[in-house]
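Both complexes shown next keep chain A, but they swap its partner, so chain B is in the first and chain C is in the second.
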Partner chain A sequence: MQQADIFVKRRNDRWIFFAVLAVLTVGSVIITRYDVLKGFTSIVKAFVWGISNFYPDIESMAKLPDILLKLRETVLMSIASTTIAAVFAILLSLAGSRTTRMSRFFSVMARGIASLFRNIPLVAWAMVLMLAFSQSPLTGYLALFFGSLGFLTRSFIETIDEVSHDAVEALEATGAGYFHVIFQAVLPSSLPQMISWLLFMIDTNIRDATLVGFLTGTGIGFSFDLYYKSMNFHAASLVVMLIVITIIIIETASNMIRRNIM
Partner chain B sequence: MTPETSNPLLELKNVIKYYNRTTPALADISFSIMDGQFISIIGPSGSGKSTLLRCINRMIEVSSGEVCFDGVITSQLKKRDLRKLRTKIGMIFQHYNLVDRLTVIENVLHGRLGYKSTMAGVLGRYSQEEKMQAHRIINILGLHDQVYQRCDQLSGGQKQRVGIARALVQNPRMILCDEPISSLDPNSSKIIMDLLRSISREMGITFIVNLHQVNVALKYSDRIIGVNKGKLVLDGSPDQLTTERISDIYGSTAKDLMTDSEERYAAG
Partner chain C sequence: METEETINNWGQLCSDEMISPDIFGSGRPLNRESFTIRIFLMTLSLLTLYALFTMDYQGVDIAKATMDTLHNFKIIFMEPSTQRLGLWDAFYEVLITLGLAFLTTLFGGVIALFLGLLSAQNLAPRRITCCIKSFVAFIRAIPTILWVLIFAVAAGLGSAAAVIGMTFHSISYLTKAYSESFEELDRNVIEALSASGANWWQIVFQAVIPSSAAYLLSWTFMRFEINFANAIAMGAAAGAAGIGFDLFMAGGYYFDLKEVGLITYIVLAFAIVLEMIATHMKSNIHQKA
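== the complex of A and B ==
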């Protein structure tokens, strides 16, 4: 009886879920007057247009040094903001982790900060910070920093609790002090995993930095915006291509590093 | 007997531990232990064995009662003195609790951290003497070929021997073992238990060993303490304890454990 009820309930839950989803979809399409069919056909059209216009030509190559400079700015900004965020995230996660916390109060604080920062989307950070610092590299830098800080702190806390709990218990039982435990057990066990998260974050941040650059008028995002608005599609396509290549290089490099440290 | 030797090394007086308000994990436990004894604590799962062991070195704080080690009431110790106390009490775990990514020698030397200043410990600076002692113990435990191997490359039995070595470099007076053989096959289990027993005999170290297997306890111990639902239900030497008496005291689970472990040992 009890068991049968559970299966009936599961089935009903599924029906309700799909019904709600269907209503939401149809409702949104009607309200926004989104023509589904036209949506698909315009993808094809865009593709055709892209092939005939959106490719780098000889002339656009003249812009290459400029673009590379901006690209370098974006990549370096992403790496710097992520790495500095990681340093702060290590401190916050040591305070926040159940395994290494010094007091319950600081632990709750650290977790609170992490989840607050993580739940504010990057674009919201950028917009808020723009009010304070206007369109400048600092705005983009700080937006990436805050977003990374939240994400990394949370990942680091999970890593510490997962990989070092047992060893921490053993070292505390030998009479080791707090800093002994951190440097001899927690960091050796969790650093590889932490570095892996850091690489992932750098990767994500380079992608996001492009978008943030649109908003803050800096870096490679700004280059794209500039060429696109001045209808220099060849140069704009060169920008896109370079972004893709950069991301592939970064991802390959981080996979290589990961394989070596794990 | 001189009065000195008749003083117990460890004494528990009315130890009570509550994790929540309703049921105590330890309910009024008292016993005392003489220097050099090999003692097993047996009891079904959840009976409070691990809690009891951790109350001794204050990895868990008691709710009330007193733990007295070598004449010192442990609950009154401040941080620094608590660290000093813990250097005198080694601990061995079911899951070995090593830093898997570090080498055998590094893990063994962790046993010296309790004696170190903050800076020396953080940087992992050990004296020549400490290193020599670590190597000596590693050799005794038959790990000389693995000294510079990472611990995640070792077998379970080898890992447990690293755990034992880490406890031994502390120069402890007592070693607490929380189910040291529960993750091991019968063969390695026997090696580890023989090792613990001979260390106890030869170095005069007191052992308190949590065990699931009643007949391992019967075979190796000078004395067996039984707990059930946080209460001390049994305390005596192995020859005073028949199978019936044990299962009488803490239910049918004992019989199951007996036959189970007897088979394991017959096979091993």
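== the complex of A and C ==
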């Protein structure tokens, strides 16, 4: 009897789950005016179109030097914004982590800043910064910087909380001072994990730089926008291919570094 | 007992120091880990310096621009107000964005469920696993915005292109997460079931999916959180509907910072609630694992 009840309850739970899912789906389709049929047929259409139009041709190769220059700018910008954000994120996360915080107040502040910066949409950063910094690479750089700062601070706080608790306790028991603990226990034990986050962030930032470039008219995003809007799809596909190659190279390098340090 | 514990702690500390990266150059011999870390950090710093020095500043007066930005942020955070967009309209637009994120997560989740089963090493042959993993890596290498725009050529700008374009990244993220959850299932369970004559589908639906359902749900929700942010970005950059588009119009066309402020506050409220739920779910996973 008891057993049967469990099966009935489980079946009922499953029905409720799928019913809620169905209601949410129908609601979303209505509210977003999503055309289901068009959605599915356009996948096929997009692939047919892609195979017949979306490939680089000889003519688009003439644009290669321009595109490479923009790509270099974007990659450098992503790396620079990640690195600088990481420096600030380490300071904030030391203030925010439960193991290393100096006072409860700073900890709450640091976590609040992290959450705020992470959750303000990248678009808002880009739009506001563009008003003052106009269409210069600085706009993109700063937009990526603020987003990365929020994300990295949160990840670093988690890392410090997870990794360094035992080492800190042990060192504190010997009477080591605050800075001694930070430099001899906290940073060394959480550095590999932090670098892993850093690599992930560089990767993400290159992809986000495309979006920011699109909105603010800088970097590789701007090149794509330019060719896309002038219907020069051969050149646009060249941009996409170069981005894919860059991301795969960086991912491979990241995995190699991770294998070495973890 | 007590001495033992202290000694254990010491042992941990010592071994920590042995493998700890020696970034302060106190003269200990380098091992592979610290060597890699050192080279990596040095390369990163050099590239950053190079980037900052060679950046084309286009004659932007940095001090003035910084002051202007601070002033703009003051307007955004201190004086948010509704002008073109009423408060209820704004909430409705956020609902649209949530709807886009939900559809994307749903489509991505359903497709990723199958790809995840096929790329879990305990459920599928190695060759198929490798194939799917490289397919997924390729999907991830193209930024979401480019997927959306490529589909926009066929489907026109709008919710259809946005949802399908964003679905691609959800598939790649969830396939990886799902297959890792499936791989945690004990090999003995699968062996016992297949020895008793269960076929692949029975194993999947009776053992694999029920036992990892909680993980799947948490991962899916975390993706939903990411998709909400993505849907805002696509609204701005690819003309998909929702709050992102309003944000783009307010910031890029009307230069109406007060409205940007209002939208930012509303988005922040939703995003922080989603983040809190996701964090809660994540800690549940950690407890179980």
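FYI, the second predicted complex is superposed on the first by the 233 of 262 C-alpha atoms of A that agree within 3 Å, B and C clash if a C-alpha of one lies under 4 Å from a C-alpha of the other, contacts with A are read in each partner's own complex, and residues count from 1 in each chain.
Everything that follows uses one rule, which is that a residue touches a chain if its C-beta (ideal position, glycine included) is under 8 Å from a C-beta of that chain, and two chains touch if they have at least 3 such contacts.
Being a predicted model, the structure only gives us computed values, none of them experimental.
Of the two partner chains, neither chain B nor chain C is touched by A:217.
Within the superposed three-chain model, A:177 lies in touch with chain B and out of touch with chain C [touch as defined at top]. Once the two complexes are laid over each other on the shared chain, residue contacts for A:76 go to chain C alone; chain B is not touched. In the superposition on chain A, contact of A:49 is made with chain C only, not with chain B. When the shared chain is aligned, chain B and chain C each come close enough to touch A:192.
When the two complexes are overlaid on their common chain A, residue A:167 makes contact with chain B and with chain C alike.
Number of chain A residues touched is higher for C, counting chain B against chain C.
When the two complexes are superposed on chain A, the residues of chain A that touch both chain B and chain C are 166-167, 169-171, 173, 183-185, 188-189, 192. By the touch criterion given at the top, residues 164, 166-167, 169-177, 179-180, 182-185, 188-189, 192 of chain A touch chain B in their complex. Across the interface of their complex, chain C is touched by residues 21, 24-25, 27-29, 31-35, 38-39, 42-43, 45-46, 49-50, 54, 73, 76-77, 79-80, 83-84, 115-116, 118-124, 127-138, 141, 166-167, 169-171, 173, 183-185, 187-189, 191-192, 195, 198, 207-208, 210-211, 214-215, 221, 224, 228, 233, 240, 243-244, 247-248, 251, 257, 260-261 of chain A. Chain contact summary for the complex, chain B toward chain A: residues 57, 59, 82-87, 89-91, 93, 95-102, 110-111, 113-116, 118, 121-124, 163, 166-167, 170.
Put simply, chain C touches chain A in their complex at residues 9-10, 12-13, 16-17, 20-24, 32-33, 36-37, 40-41, 44-45, 47-48, 50-52, 54-58, 60, 62, 64-66, 68-69, 72-73, 76, 95-96, 98-100, 102-103, 106, 137-138, 140-146, 149-151, 153-155, 158-161, 163-164, 229, 232-233, 236-237, 241-242, 244, 247-248, 250-252, 255, 257, 260, 263-264, 267-268, 271-272, 275.
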